[in-house]
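Consider the two complexes below, in which subunit A is the common component and subunit B and subunit C are the respective partners.
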Partner chain A sequence: MGLYLKLVGVQIRSQMRYRSQFVLDTLALLLVTGLEYASLALVFERFKSIQGWSLAEVAFLYGLVEMAFGLTDMIFGGFDAPRFGRFIRQGSFDQMMLRPIGITLQVLGSDFNLKRFGKMAVGVVIFSYALSHLSITWTVAKLLYFPLVVLGLVLFFGGLFIIGATIIFWTVESTEVMNIFTYGGSFMMSYPMNIYETWLRNLFTFVVPAIFLNYYPALFFLGKPDPFNFPAFAPFLAPLAGLAVFLISLGFWRFGLKHYQSTGS
Partner chain B sequence: MRLFFELAARSFRRTLTYRIATLAGLITNIFFGLIRSSVLVALFGQQSEVSGYTVTSIITYTGLSQALIAYLMLFGWYDLMDGVHTGEISTQLLKPLSLFRYWLAHDLGRAIAHLFLRGVSIMLIYELMFDLTYPKDLGHWLALLVSLFFAWWLSMVWRFLVNLAAFWSPNAQGFGRLLFFAANFFSGFMMPLGLFPDWLQTLCYLTPFPYMINVVIEIYLNIITGSELFFLLGLQLVWILGLSLISQFILTMGIRKLAIAGG
Partner chain C sequence: MESIIRVDGLAKHFSVRKHYKGRFAPLKNFFTREASTVKAVDDLNFEINPGELVGYLGPNGAGKSTTLKMLTGLLVPSHGEVRVSGFNPWKERKAYVRHIGAVFGQRTTLWWDLPVVESLELLKYVYHIPEARFRENLSHFIDLLELSPFLGTPVRALSLGQRMRADLCAALLHDPRLLFLDEPTIGLDVVAKERIRDFIKYLNQERKTTVILTTHDLADVQKLCQRIMIIDQGKLLFDGGLERLQERFGGKRQLIVDFAEHYPDVHVAQAQLKDYQNRRAIYEFDRRELSASELIGQVSSQFQIQDLTVREPDIEATIRNIYEKQLLKVPET
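Now for the complex of A and B:
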């Protein structure tokens, strides 16, 4: 843990050296996330709801997912596929393997990027908008459960990042397809899952358990009825589903490490 | 002119060789298209028409906007910047054609390859999945081709202009990213401009960005027709000329400033 904090500390200090670049990059991320949501909010004026969800209710989901994804991107950035691909190709990964420290920890500490704070900040703003426009009755259970949902989402997205990075052990090139799982997943999960066609929703229920991390917890917090008649415990699977995906991804990562052959560069 | 087309042909062939990248890009574009169409169709709900868009045409819109991503390099293009930062620009400046025409030729080949590999192909796959709208007659198809060509040209001039920032700052990439993404909002890429509030539509049309995407799409969907069509094609040309003049002016200033380290 001490070592991890040290690795992260070095990166934060080096990022602060290039102040103007840091500001521009943060601003760019802020704008990307903000404009994407703004375009939805602006279009919403012409419509009343999106399949029974008001703009504020969508904002609850959208803000929650953006916050968690921003947090994940900050913590697990070292596993981000395009970056990790560069690592492998340039041989930096081989250098890491030579060090007497766990490789997983090193990759985890290799790209702690403060600028991604911008993405999280937008999530917080959107989420606050939702809270101020909805009258959610915050019971003790809801207050206690909320941090667990965020944790579940972070583990879930973190697991997807790790799976993406592991595939690069074989492909060497980072393929754009991994974006479907990370960015595509978070984009999809920002909207209520009942808007998707059955096959797409089933894919994100039974293959990738995304629906238990955004949609079902949101139904619980917002007090909305479940159109799919899942068992009553469905909203409470978020931490479990997140942990499961994370553990599976770690297993896959270990498997990949064993089969890794350097590119020789 | 022969040199120009020779350069374009080479860049066309080079783009064709990236098969895995093309396939990966294609799958990604279609996946995002599917989600975006789900969102818009769900927003429409029971309404059959909203500000000129029907459910069929809104689905077509999501396909078209995804099909334009690679053709117009909507998520950013930094090749000229890289050249300035690495010093490769010195050889580019020695080419027997101007820096702008060099990159224009280069991008033309790439764009044509991408138009088929990641544009037409997306629409074909969309056709298998959905009911789509098509241009209503031969005239509209022709107008579409012209506006597609103008959209590429305008987008190239715009991307070239943004890349010139590299002459002044080593952090130009962050600046570029900011501009490219803002453009995607004003162009009608994120949402069709027709669904925005009226004041915002007016604002968007004061910028060059709708002429790269929204105009092309609305010609395809038969929303822009008749004399308005010719007027908008004309405005595409006006923006191309305007931005070209500005970029030439800035390029001259940038080159005057440029110092290349030998080595």
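Now for the complex of A and C:
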């Protein structure tokens, strides 16, 4: 752990050297996300709600997912597929194997990027907007459960990052495709799942348990009814679903490491 | 003496997928899984003793890097056993790599965006090097490798030679007993090469570090290596000293004599007179037929000698000879 913090520390310091770059990047990101959200707001301007969700309610979901994804992106940046692919091709990954510390820890500590702080900040802004326009009654249960949902989301997205990186062990070339997993996944999860076609929703329920990480917890916090008649505990599966995806991804990662050691490419 | 490296029947076979060319190639490539096997390393057996400095040679694609990758635990062999300092490199990776240093050609272990010195400091934590020992090694290596001018420079801004020096330092801060170097002098200018050779020599002689290095530069071999291994197509073709290599495959030795006065005919029985002018004669002789002292005895018994030199055959020519004429034939399989 101490070593991880050291690894992360030096990266932050070296990024701070390019402070103006950092400020520009963050501004650009804020602008892009802001525009994205503004266009959404325009849609609501005309329709007032989407399938029973008001703008503020969607903002709640959107902000939650963006915050968690920004956090994940910051922590698991080393597993970002295109970057990890470059890492392997340049032989940096071999260099990690030559050091007497865990490989997973080193990849984790290899790209802690402050730039991504901006993404999280956007999430926080939107989430604050939602809170100020909604009158959620924050019971003790809700207050206690909220961090667990964020944790579940971070584990879930972290797992997706790890799976994307692991696939690189087999397909060293086509790395941009892996972004569909992570960025695509987070994009879809920013909106209420009831707006998607049944097959897509089923995919996000039974294959990838995403619905238990965003949609159901949101129903719980917002006090909305469940249109799909799932058992009453469905909103509380978030930490479990996140952990499951994360553990599966770690298993896959170990398998990928073995493969890499036997093919060396 | 207990060997530090033992390699038994080591082999690495890569399965390489066939790639078609021409019309329909993409389709064929997609649907066929036909693979061919490349025997990058095939049945290697050798031992290396502590303190040896071994040159691992061979033409491009011979299997040198693959061997080094298996010895350092980066690759799992297809067959065979490797024992280094009592470790199985790929099964006990973390414990093992603490005891070795490795520099792979043009790759760097340093953090790209960090100043050199910060990368080196970070390695103190990575290897848990005691503070006092770390300071001592660091200041020593900074002197020997002349790192001071660029200690504060980010690694990405270093020249190739500077980076190699920084990487050598990085690989040695934790006092490894064994050092693996894959092409440590590739792409460097003469001065940088010389500096690195001196450093390797120092490590081997003063610190008793066992060194295995691959190289294309035979000056490296000539100046450094007591023992040479030649590999081609994954098979070990020669393992022995430079002397023995020269004996078996080298060209002729030369004796250069400056006579005290002019003699009309300076021919001697067993050596061939190559050149004779201005009282200087060059004889060529085969070490298998005649020793240098015998020849000198012969010449000096007939003529007055002012000065003489024995010139060994050029190792570069010897090795080129071996590769080109395939003197060490790989048995057909």
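In this section, the second predicted complex is superposed on the first by the 259 of 265 C-alpha atoms of A that agree within 3 Å, B and C clash if a C-alpha of one lies under 4 Å from a C-alpha of the other, contacts with A are read in each partner's own complex, and residues count from 1 in each chain.
Heads up, the rule we're going with is that contacts are C-beta pairs under 8 Å (C-beta built on N, C-alpha and C of every residue); 3 or more make two chains touch, one makes a residue touch a chain.
Every value quoted in this text rests on a predicted model; they were computed, and no experiment measured them.
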Touch count on subunit A, higher of subunit B and subunit C: B
Contacts of A:A28 with subunit B and subunit C, given as first, second, both or neither: first
Partner chain in contact with A:S39 - subunit B first, subunit C second, else both or neither: first
Touched partner set for A:G184, first subunit B, second subunit C, both or neither: first
Contacts of A:I195 with subunit B and subunit C, given as first, second, both or neither: first
Contacts of A:I50 with subunit B and subunit C, given as first, second, both or neither: first
First (subunit B), second (subunit C), both or neither touched by A:I248: neither
Touching residues (chain side subunit B, partner subunit A) in the complex: 20-21, 24-25, 27-28, 31-32, 34-35, 38-39, 41-45, 47, 50-51, 171, 174-175, 177-178, 181-182, 184-185, 190-191, 195-197, 200
Touching residues on subunit A, where the partner in the complex is subunit C: 2-3, 6-7, 10-11, 14, 90-92, 94-95, 97-102, 261-264
Contact footprint of subunit B on subunit A as seen in their complex: 18, 20-21, 24-25, 27-28, 31-32, 35-36, 38-40, 42-51, 173, 175-177, 179-180, 184, 187-188, 191, 195-197, 200
Contact set on subunit C toward subunit A in their complex: 14, 66, 69, 72-76, 90, 93-95, 97-98, 102, 104, 107-109, 111, 113-114, 118, 122, 125-127, 154
